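Think of it as A, B and C in the order they're written, each chain with its own count starting at 1.
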Amino acid sequence: MIDVDVAQRLGTFDLAAKFSADAPIVGLFGRSGAGKSSVINAIAGISRPAHGRIVINGTVLFDSAAGIDVPPEARRVGCVFQDPLLFPHLDVEGNLLYGLRRRAAPERVIEPARVVDLLGLEPLLRRGVRHLSGGEKQRVAIGRALLAQPRILLMDEPLAALDVPRKSEVLDYVLRLRDDLGIPILYVSHSVPEITRLADTVVVMSEGKCLAAGEIDIVMGRLDLKPATGRYEAGALIDTRVASHDAAHDLTTLEFDGGVLVVPALDARPGDRVRARIRARDVSIALERPAGISILNILPGTVTAIEAETGPIVDVSIAIGRAALTARITRRSVEGLELRVGQPMYALIKAVSFDRRSVGYA
Amino acid sequence: MRAFATALGGLLAMLFALAAAAADVTVFAAASLKESMDAQARAFEAATGNKVIVVYGGSNTLARQIEAAAPADVFVSADLDWMDYLHTRRLVAPGTRVELLRNTLVLVAPAASAVTLRIEPGMALAAALGGGKLVMANPASVPAGKYAKGALEKLGVWASVEARVARSENVRAALALVARGEAPLGIVYRTDALAEKGVKVVGAFPPESYAPIVYPAAVVADSKSPAARPLLAYLRSAAARSTWTQFGFAPAGE
Amino acid sequence: MAYFGPEIPGILALSLKVALVSVLVSLPLAVGVAYVLARASFPGKTLLDAIVHLPLVLPPVVVGFALLLLFGRRGPLGSVLESWFGIVVAFRWTGAALASAIMGFPLMVRAIRLSIEAIDRRLETAARTLGGSRGFVFASITLPLALPGIITGALLSFARGLGEFGATITFVSNIPGETQTLPLAIYTYTQTPGGDAAALGMSLIAVALSIAALAVSEWLTRRATRASGP
């Protein structure tokens, strides 16, 4: 359980972040400069807020009113930053064990062998850190943070400096951590695909304030948060289950509350939970079920909100059963179709618009 | 790295052992006594087994250091002023002050020089210098310099050469400059000229042109060395006298 | 040409002893001062920096004179040292070491400060989040990474100490066997009739020592840099 309520003057703006969240992975999302790293620094004890309170899993780390300010070395908060910050004068093993050595024997619950195995670090142990690849360095950084026996892991844009294949590789490891070790993770990112892949709960920040906190598919779909979540990334997340495969055509059918989605074939077994991300710009609207059309996903739904906006583009919220979608269409079409809240319609999504990054294990 | 640290430790231990042990008696002596006092010290060591260390310098510097509690046991000054200086400050052991030696003042030139000059009132010293400097110990404070300036003033030529004087820290520094040919002329003690093969005496200053050069010696008040008084006695003894004369000094009182 | 007399080992030993002791004694202080100047900010920091650099720009004789005033047996600090601890530095090799330490201090601090400033502070922050206290982080991260600069600073100060003259002769005078270090011995021989050959011999030794010190500094720095990464 993460309880944060901090206020701090930071250069150009004031941080006034207040949220409570609880989940295996809590995402902290917002644009660059929203104040996310400042929150991380406050939790880790790297910076001191002007006033506020920070409680992690029932332990008070900071309470300005009570005069409590636990020094960073005593907070048991593991940190992984965008820059791995490995110690250049120690080899990989030396880095991994740095924090472990500071802990008394009974506290060493997370063991080196387990972490090395989890993160695939065995072949790297004796090497110096200078010539490791970006992904390897970051895995060592994660392992090092874990072996310091943290009660929570803070990850501040850990994938930002990696190229796409490495991002994916490290992301998989992070998911393994969640499943295997059971340590809560607070994951900061400005990248929607990362956050949606990893987090179950998300806190959205903008200009130093927390705008919303809640289940990820709901929060990410909210139109009023669009300025914070980013216009071009607008979309929706739908939790689905794999229903069946069409081997002949290399397609997979996903079931959700509201209908089915047909997507290019997934490497998954029927019954696996899969989260699908649908970009708003890939969704079209029809008032009647179209015929003779190539689009495979035609989902009946209801308009729940129409964004009031000037400019050529409008985002329309749609309910498909209990799931929520956003469709991005022209204002001219909104007027031409005379779309109104409550209107029944069909959402059209091309199967082709689902790529590897849109569909991932939940 | 560890090997380096061990080597360092060993080196330090060795150095502490190598560096000299403390002396039994320390003498602060005017620079002009270098060779003679060294000889006396060796003789005293041989005779008594006491270790002697001699520190040489301008008498002014040495006196100031004794005033600052330098570890001197015996002080031999090149003039009376600096011994008086310590005497007034009660830094001299009562009853130990004696007049030890006498010396005379000479004008010297590099051994290869062709300069000739009669030393008399109004002599053409400036002309003899050519474009070069007249070196002497600092006339403001060092005994040899004070005598030199006094003699030149008495002879009426100080004004003509004052601007050409190079002042050195002690008389031996002046001697070295002349010996190296860096200066055409210099004023030093006769004993210095005798010690240095690189200079020759151009002429002696008439005794009436300067106050008698007397070297007083005394035991320093704070001295704790039991060998101090015996050393001073030795320096005045008949055995020491021949050594002094050998180096060109006249024993005081003659 | 050059003459190497029997008194040379003793003079050399004294010079090395004085220079080594001066470096060893001043090194911890220099590391501390360099760390404060590199990392902390406080009113008076510029003043501290200026004071540290004074021996670099003042004439050595001035430093020696100041030492005599302060640490002479009748001086304020010297009399305290003697009456409380029984330590006398005036006219002793310890005073020569003190003079060398002071003259070499700015060189030491500069080199160490530069190498501390080159350390990414975020490494120290990361170490703290891993459970290291300030002291442990300093010892396990800062010091090892600053090692090349510490070595350079120590050796620069050592070489400076070997050659220290003005402050030494003013403060502790020229006592053979006690304070007559190599430079002072060379000076004495230049004023001794017939002493030029001996002076030359000792000068050559001084040159050889300085070159050796610089070579060792290079070798150690390269080893330390290799060990501590990019």
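By our rule, a contact is a pair of C-beta atoms (placed from the backbone, for glycine too) under 8 Å apart; a residue touches a chain by one contact, two chains touch by 3 or more.
What you see is a predicted model, and the numbers here were worked out from it, not measured in a lab.
Judged by touch alone, the chains other than chain C, held in their current positions, sort into A | B. With chains reduced to the mean position of their C-alpha atoms, the one farthest from chain C is A. The chain occupying the central position, as judged from C-alpha centroids, is C. Rounded to whole angstrom units, the spacing between the C-alpha centres of chain A and chain B is 89. Chain A and chain C have Cα centroids lying 56 Å from one another.
Averaging C-alpha coordinates per chain places the centre of chain B 33 Å away from that of chain C. Across the interface of their complex, chain C is touched by residues 44-46, 71-79, 81, 83, 85, 87-89, 98-99, 102-103, 128-130, 144-145, 148 of chain A.
In the complex of the two chains, the chain B residues touching chain C come out as 1, 4, 8, 11-12, 14-16, 18-23, 26, 31, 34-35, 53-57, 61, 65, 68-71, 170, 172-173, 175-176, 179, 192, 195-198.
Across the complex, chain A is touched by residues 120, 122-123, 125-133, 136, 140-141, 144-145, 227-230 of chain C. The residues of chain C lying in touch with chain B in their complex are 9-10, 13-14, 16-17, 20-21, 68, 72-74, 90-91, 93, 173-178, 188, 190-194, 220, 223.
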